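Multiple structures follow.
In the two assemblies presented below, subunit A is common to both, partnered first by subunit B and then by subunit C.
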Partner chain A sequence: MKIPNINIKKIENLLKEDKRLDGRKPFDYRDIIIESGISNNAEGSSRVRIGKTEVIVGVKMAIQEPYPDHEDEGTMMVGMEFNPICDERYEAGPPKINAIEVARVVDRGIRESKVIDFKKLCIKEGEKVWCVMIDIYCINDDGNVFDASALGAITALRVAKMPVYDEKTEKVKFGEFTKNPLPLTENITFSMTFYKIKDKFIIDPNRDEEDTSEARITIAISCPKKDKIINAMQKGGITPILTDDLNKIVLESEKVYEAVYPNLNKKIEGLK
Partner chain B sequence: MTTQKTERRLVVPGETIVSDDDKLPGDFTIKQGKDIIANRYGLVDDSARIIKIIPISGVFEPRRGNTVIGRVKDINFSGWNIEIGGPYGAFLPLSECPRFINRNDIAEFANIGDVMNAKIWGIKKGGIDLTLKSRGLGKLEGGRIIKINPHKVPRVIGKEGSMINLIKNSTNTEITVGQNGYIWIKGSEEGEKKAEQAIKLVVEEAISSGLTEKIEKFLGGKK
Partner chain C sequence: MPYTKRPDKRKMDEIRGIRAEVGIIPNANGSALFAFGDTVAIAAVYGPKPLHPQHLQEPDTGIIRCVYNMLPFSVTERARPGPSRRSKEIGLVSGNALAAVVDLKRFPGTVIDVEIMILQANASTRCAGINAAAMALADAGIVMKEMVTSVSIGKIDDKIVTDVVGDEEYYSEGEGSTDIPFTITSNSKAITHLQLDGKIQVSRFKEAVEAAQKACAKVLDYQIRALKGEKIDETKK
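This part shows the complex of A and B:
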């Protein structure tokens, strides 16, 4: 069943006083649980739960020919699927527009932050490079799949180990891993998505709040040294976001990053 | 059901419930040779000769006489198309509405997105027919809708409404439970939140014993 009008009204009215249905403040996250080592065959894998939302992310690596304009750089692909198990609104079949959108937003955050050192993923210039494939599967959709997917992807990348490459046969020995992690830089991104409901903004909506909102903006922030860098910004939805609002969001995103990220970072470090 | 002292066995599909020639298969069970095998995930009721399963998961299966909460999906010339969260669509004809409604302005009574408390009066091949001609039925205004698993509804209501009355009285809210798992809560903001938490707790702990005491403790403890 789609969201009824009375729930929309309720959410909008409560938000006028900066309140939410489950008692959180507008910029509070639900409990975040991160696990790793979900898949034995993947180079790196993770499961992220934000409240009841749950995604599983796997990182696989393969050998590929480089693109002609980046002959000494590895490549990256992000795939996303909503299974029918995660919500009644999704059907089986190839990824639809909403799944592709999540994949692209996650891809943008990782690619633009340059967290993967693509130069180090080159095996032989112009002929062989590593291809990093990030696959995201939504297990349960209770809102805010964007942030869960981005967090899962970055966790899977950070816990991943390079597979064994046999130089004689020039093939990958799948199932065997070296002890080397992926070549990652310090620009580790964290994405947060702000949802617009009427004139107010909230973070980490649940199902009903996500259905009520009409626009959203995803901001990926990394903090390599002292200063925070905005790596990527993506807007979705139908209503516009005003310039003043955007300035406020950017300032707010810095606060949210400081409040949420250090704890998560510690957790992910512990998983390695 | 809630007050029964004997612990009920939990079975999964394919599990042999009992191997006895005298017993007969009931709801959601099949007989293979001597064995009675479960078809659904649920609790076994083997008090009588017929063995049946009370399922605790799965989709809503509409039955005649069920009171359901549905959302208006579409309006046409003769009534409202209503989603009731099951595998079939439902239809509420204008003639089944107790109030006079102008045929040219059906949306005045209930527009797309509004929720109604209706009763199933017929299930046909093409769909489900609803009616509003009974006490307590009609459009729901204010409050909020939450969803639970339809098979947990008997637990939320309790024996002769004991559980739901307990929640209603201690949170000062109005609650309507649809057999399809949608629940409408209306009251003060705090009361609504409390009632929702209590209902979610009932659903989570549905198969544990001493449920009423737990809920009483929850509602009393945080008042």
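This part shows the complex of A and C:
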């Protein structure tokens, strides 16, 4: 969306000195608040607020036939919607490309890291597996919905409890949960999106900064052992990103991960 | 066995613990959260703003466009995202329930968008949604002739109950279950929305209306307190 040129100039000029309108440094996040238990009918649910940006995420599970090429593995899907509730710029109707992109990027960060232990979600090989359905809703869009969505999805997965499966009727007892958590591995991803403004990069833009930016790059990192591993990346926007810049961002993402993630990890553990 | 005890041990005319708060969505002109126990609704209001496409504009009045959206994870078995026949109907009747008290003639050619989301559902979702939406309209500073308040009255077996929960909706013994959501204006006590599912004797309908009037007066008090800035949460009691 177009914002006044004077705002764009202000943001660009401040960034020349590595400054931002709200006083943050380029790679600082706004305050992040994570909560769980948004819906007691969901297997897991979360609310993530980054500054004024807010998303809520719910995990529901159901039984499905497995894919023919992965007969002993569960499946997952991610849905995302920008409803008109979160900002005037969004219209009612089926998810449009911007929401689909968020869903796909979040999906990749979870799927490729293999954070969900799909083998443990097999009930009967070739016939019945669990499907994990993650639904993301933006409640207030003040920039950086990408990172809020990814964090919300991971949080909802980490607090999720398995539903009750009735072996006799071979059906799910909806509304009843076991005490068992959803089987996850150590490969928990944290997703960071870097936004390019002129020749500078920032993280966690607010509304005006996001609208000023011409390109972005999302990096999902997990750290199962000692080394940090990139599990998913996505460049967005038209303006190209130079190779040198890309290398710098990748190195920077490791630093941001170390600065931000351990604290968030503790918060999420506290929600269980 | 006659229906003597409610599943959550409430009295027949007792409302679940209420949660009410306004100003929860910074981008919106007005917003609110309203919960009857574990039925949680949020609402946002955007507008009045020019209505597009233009041919929908009314030259002498504004309109309310209300969308009711039940989130997939708000219910026990995942609901398909996006509009359904059910959600479209509820959006329509909720919008009508609100339009009756908004001075729309002041805003010709415009639309007021009212967005309702159900985060967690245990019956009476449309009532919680309308209550949240009415608070969001007031929070947006839109001229209203009076407030509206919504509550569901049920007849479970032969008992008239206030604020129906999910387990009661499925009660099948005796005379079964009847669900009657009402929306009532604050001053003139007029009904702006009414639906009925089930069966109730004509002679007993009056009791349901009286129960609704009584319950709405109580809920109205919470709406007004929240609009004055109080954050109320009695759902855990």
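Brief remarks on what is shown
The definition used in the following text is that the second predicted complex is superposed on the first by the 270 of 272 C-alpha atoms of A that agree within 3 Å, B and C clash if a C-alpha of one lies under 4 Å from a C-alpha of the other, contacts with A are read in each partner's own complex, and residues count from 1 in each chain.
Throughout what follows, contacts are C-beta pairs under 8 Å (C-beta built on N, C-alpha and C of every residue); 3 or more make two chains touch, one makes a residue touch a chain.
None of the values given here were measured: they were computed from a predicted structure.
Contacts of A:L14 after superposition: subunit B is touched, whereas subunit C is not reached.
When subunit B and subunit C are set side by side, the one touching more residues of subunit A is C.
In the superposed model, A:G23 lies in contact with subunit B only, and not with subunit C. Residue contacts after overlaying the shared chain place A:P4 against subunit B, while subunit C stays out of touching range. Of the two partner chains placed around the shared chain by superposition, subunit C is the only one that A:I38 touches, whereas subunit B remains out of contact. Once the two complexes are laid over each other on the shared chain, residue contacts for A:Y137 go to subunit C alone; subunit B is not touched.
By the touch criterion defined above, A:K52 lies against subunit C but remains apart from subunit B after alignment on the C-alpha atoms of chain A.
In the superposition on chain A, A:K200 makes contact with neither subunit B nor subunit C.
Of all residues in subunit A, only 1-8, 10, 14, 19, 21-23 touch subunit B in the complex they form. Across the complex, subunit A is touched by residues 70-71, 73, 83-85, 111, 113-115, 140-145, 147, 182, 189, 193 of subunit B. Interface residues of subunit C, counted against subunit A in their complex, comprise 25-28, 38, 40, 42, 44, 46, 49, 67, 69, 71-78, 81-82, 113, 115, 117, 119-122. Those residues of subunit A that touch subunit C in the shared complex are 38-43, 45, 52, 54, 56, 58-60, 62, 79, 81, 83-88, 92, 94, 133, 135, 137, 139-142, 172, 174-175.
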